[in-house]
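Quick heads-up: structures coming right below.
There are two complexes below, and they share subunit A, which is joined by subunit B in the first and by subunit C in the second.
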Partner chain A sequence: MRSGHRVPTLTPAMIAIWAAFATVPLWIEHIGLYQYLGVEILIFATYALAYNLVLGHSGLPSFGHGAFFGLGAYGFGLAQFHLVADLWFCLGAAVAAAALGGAIVAAFISHRRGIYYSLLTIAFGQVFWFIAIKSHAITGGEDGLLKIARLPARLGVVSFDLTHNISLFYFVLAVFVAVSLLLWRLVHSPFGRVLKAIKQNETRARFVGYDVWRYKAAVLVLSAGLSGLAGGLFAMAQSSAFPDVMSLHYSGYIVMMTLVGGGLVTFWGPVLGAIVFLLARDVIGAFTTGWMLWFGMLFVALVVYRPEGLGGLFLRPARAKPAAAK
Partner chain B sequence: MSLLPHLVNGLALGLLFALLALGFMLILGLMEQINLAHGSLFALGAYFSFAIATPRLPLPPDLLHAWAAVPLGWRFTAAIFLAPVLVAPFGVVIERLMRRTYGRDPLYGLLLTFGAAMVIEDLIRIVWGTRDYMLPVPRGISGGFLMLDLIWSTYRFWAAGFAVIAMAVVWLVIERTRFGALVKAGAHDSEIVQALGHDLEKLRVWVFVLGTMMAAIAGVILAPIWGIRPHMGVDAVIPAFVIIVLGGVGSFWGAVLGGLLVGMVVGLSGAYASEWSMLSMYLLLILVVTFRARGLFGKKSVLEA
Partner chain C sequence: MALFEARELHLRFGDRVVLENISLAFEAGCLSGIMGPNGAGKTTCFNVLTGRYRPDRGRVMFDGADITGRSPQAIARLGIARSFQLMNLFDEFTVFENVAIALPQTRKRGADPIGVAYGDAALVAEVHEILDTVGLGERVDQIAKSLPYGERRALEIAVALASRPKLLFLDEPTAGLGSDGRARLAELVHRLKGQVTLVVIEHDMEFLFSLADVISVIHWGQVIAQGSPAELRTNPWVKNSNLGKLA
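Coming up: the complex of A and B.
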């Protein structure tokens, strides 16, 4: 443990990443892409960072995170339709719905680890997905919830209209900044140190006296809640919520993004992964309908030859493996 | 409404589920690798059998006409034997790639095969498109028959019978042959087996090929019942893993019992709430695993590390 070594709240890399994102709407259309892609990338980057809290930082290979993202999306839509059509309230509902889902799952699986953890998260993910598809009356079944409004962001006397992609982009960027800052602080806090200990050796962490079950449950709830926040933003961006995002495919995609970017070795890896994944989808997808064929092969090659992901390639010469992420 | 027909249907369905899980069980039990591409290999089996039986093969027109003139019974039989052989090379490639993850966290095997599943699924979409197909069944085993004043599907019973035979063959191979003994010994203690002069790498390839062919056979047999579509792979791999975790990793009889239980539960719940029947198997899994952490017959395995 690097006790005494304090990690600054703001790092140059962090500010550089935020600043780089802030310029995206200025040039994204000039390189042949479109504004909405920026929104999507930021949402999935937020989601991937939240997911990496369990995978990269705690060593818990969840394969059912799509359920939490989807719960957030439905939570946002349903709160808007049936309760109060206020942005902050609906985003809160998204977080709450997903965190509640996370708590239910955590209650059943927090004593598990490794592959069994993956398998049980797959099972729970399927349960939520299945319920979403079959509850036509509430979720709209396979058609999904449609006509979700992009609510204005009210801040006291001022109110920002988010119906345009550029204004939505900056709103999502603000959320991304807040979430990444929160997670950065969290993984470098005493709580984060315990997570790291659990990742390295759960039995030892337990013997040292930590209540491992509680930490594992807490981190899943937290990660689920933040994934739900991303899901709520996605519902707003898409103006709809679909059961698709809860499927095994989508749960796998977020694992792919996180791993491809190098989430196992660096904090910002998942962000890189989300960018690469969505760019690949659009760029490869422009040439062929089977873009996943090529991306899947890239993914397989990475798992086989460079499990530390793209982020690991950049870090490799500069620092030894364990340094950055933890 | 009498319960009996649902029990019989559940039993038949359970045998088919057990057949579906068999290849997954082999690779997991003997190699301690999760093969998430199992469903995609299953799907490939179904598509290849469709290409062979209907027939839609890339052959010269004369040859294709000649083959189309052969009775469906023969074409269907040929599909059962040929489709697994055609799918086997995919398994070999996956095993080749997977080899580099042996000894590492089994999570990497799971991720790798998830990637492979995505690749195969898109490959299927490119070659066959996104539409649904139906594999025709020879007249001798199609249609239905009357029993207890009810109409039963002949093919379902035929398929369930086939599943029993396939399971018996796999059991014989694992339990009663030298190959099975070596593979089991290799899973238990690879160093000793290698020290005794056996080529473990070769054994592993064969196990993977066997698992792949079992997946493909299940795909052929189940295609006339479940239909053929690109995402059938993902639809199939999940029951397979539910069955294995339920029955206990590494246990042959656990897989069979798991399959029967899932079939029964899906069959019975289908009688009362058909919309929700597939949900019941996850609830069964969660229930069983909450009280019996390793499933019904599970042993301690590398997966818990």
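Coming up: the complex of A and C.
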């Protein structure tokens, strides 16, 4: 950050992105796609932004984030079945379940970095996935939790029905707006700048007095909680929750989305990545069942030729240096 | 009683003894020099004093308190800062932010997840003041890794100064600098001398002999000589070392 430079809370790019999303239900069917895809894209865009808080902004390579997304999905469903069938309460439960999972993982791995950090996140991810599959009585095992309701959004006297994909889309958009605004503020806040400092040089951060462990733990909990929020929305969208979102390859998808979109160099990269990924799944997937092969090749090509991702194409070369906050 | 004291420090890596019974005392307001050959254990000694390694035996005392084995961040917060022999900056940050992030004000707000970072005019002014002190006033908005070597060394010191330390450890501040750079650094250290207690590891004897109040010579992990520059000129190790011709 430059001297005396203030990052505005609202930026033109931010407003343009929100506005563009708001128009999606108006035209998505006219281009041969379907309303539910818009919902899915927004949920994964939210998830990818939350994930990039650890990967891009803090330099913590978590490869087990699916666990938190899944905890949110189960948290949402189970809260609805066994506690209170209220949207806000259930979303809160999704966040809480995932944040708690994040706290447990953080307690064990926050003194690690690099490859050791990654390996431990994979191991923990597998543990959560395994538990989800095996505790049949609670999670329904591989059959999943079914019949999760799309609860109405109650705001005082008014109540919005979310059973239709378009209304759900706008609800998810509101969450996306809130999360992206929160994260935008966060990465430019004192806390966010300390994370960025730790990402660059953990040792130096410690020697200027920062308790690096706490920051690394806090950011994982936060990212897990927001990933869980996305997971809760996903359970609502799908009306069900399955263990496969917690699997290693689903955790890999979010890494791919984030990297392909350019999460390491731009704040909005993960959003672009989620769009490209899900469109590729549907569009390439319509022609070949092996769409992942093609997407995988795109991923490899990007890593080789444009490691800063698609988002990097939008930045002028001089600015396309890793700084993940533009 | 000295501001900072190390008492009978021992440290080994595996079966290699690196520090053997090191005792040092640094008086408030003084510049204490440390010299010795490569591999003598000087940097390791700093690492023990600043919390990176816990000594196997011995005590570290600061301002009357025992700080042995405390974490680097805890020691830093007491007002002890250091620079590194191998440069250790926030490479992607601007010069401004390298210093700003190290200020105690920033650190105290570190848990604030929505506030504006560095929004305070007083903070900005303070960063500029520190950068002026080390001669980087013109470089504020450059990215740290794009700076020439000499200026990176100066920034290394600026980051350490940013925490407003009572005690500042400098590990070979002139390493790799040409004669101009050295002269500028000597001038900077000279200016700092009145403001903060300094401990400087240095191979450049001319630098050290002109600035230090006391000098300790470390060899084989032991303090083999100690005294004022004048006293040390007659020391056999100093005389025999290739720069001993100064004496």
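Going forward, the second predicted complex is superposed on the first by the 316 of 326 C-alpha atoms of A that agree within 3 Å, B and C clash if a C-alpha of one lies under 4 Å from a C-alpha of the other, contacts with A are read in each partner's own complex, and residues count from 1 in each chain.
The definition used in the following text is that a contact is a pair of C-beta atoms (placed from the backbone, for glycine too) under 8 Å apart; a residue touches a chain by one contact, two chains touch by 3 or more.
Since the model is a prediction, treat every value here as computed from it, not as a measurement.
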item: Room on subunit A for both subunit B and subunit C (clash or fit); value: fit
item: Which of subunit B and subunit C A:188 touches, first, second, both or neither; value: second
item: Contacts of A:201 with subunit B and subunit C, given as first, second, both or neither; value: second
item: Subunit B versus subunit C as contact partner of A:252, first or second or both or neither; value: first
item: Which of subunit B and subunit C A:174 touches, first, second, both or neither; value: neither
item: Cα-centre angle that subunit B and subunit C span when viewed from subunit A, reported as a multiple of 10 degrees; value: 80
item: Touching partner for A:296 - first (subunit B), second (subunit C), both, neither; value: first
item: First (subunit B), second (subunit C), both or neither touched by A:210; value: second
item: Three-chain overlay, closest Cα atoms of subunit B and subunit C, distance in Å; value: 13
item: Subunit B/subunit C common contact set on subunit A; value: none
item: Partner subunit C, residues of subunit A touching it in the complex; value: 1-4, 6-7, 182, 185-186, 188-194, 196-197, 200-201, 203-212, 215, 218, 222, 321-323
item: Residues of subunit A that touch subunit B when the two form their complex; value: 61, 63, 108, 112-116, 118-120, 122-124, 126-127, 130-131, 134, 247-249, 252, 255-256, 259, 288-293, 295-297, 299-300, 303-305, 307
item: Residue ranges of subunit C in contact with subunit A within the complex; value: 50, 71-73, 76-77, 81-82, 84, 88-94, 96-97, 100-102, 104, 106-107, 109-119, 124, 127-128, 140-141, 143, 159, 162-163
item: Subunit A-facing residues of subunit B, complex; value: 34, 97, 100-101, 104-108, 110-112, 114-116, 118-119, 121-123, 125-126, 234, 238, 241-242, 245, 275-276, 278-279, 282-283, 285-286, 289-290, 293, 303-305
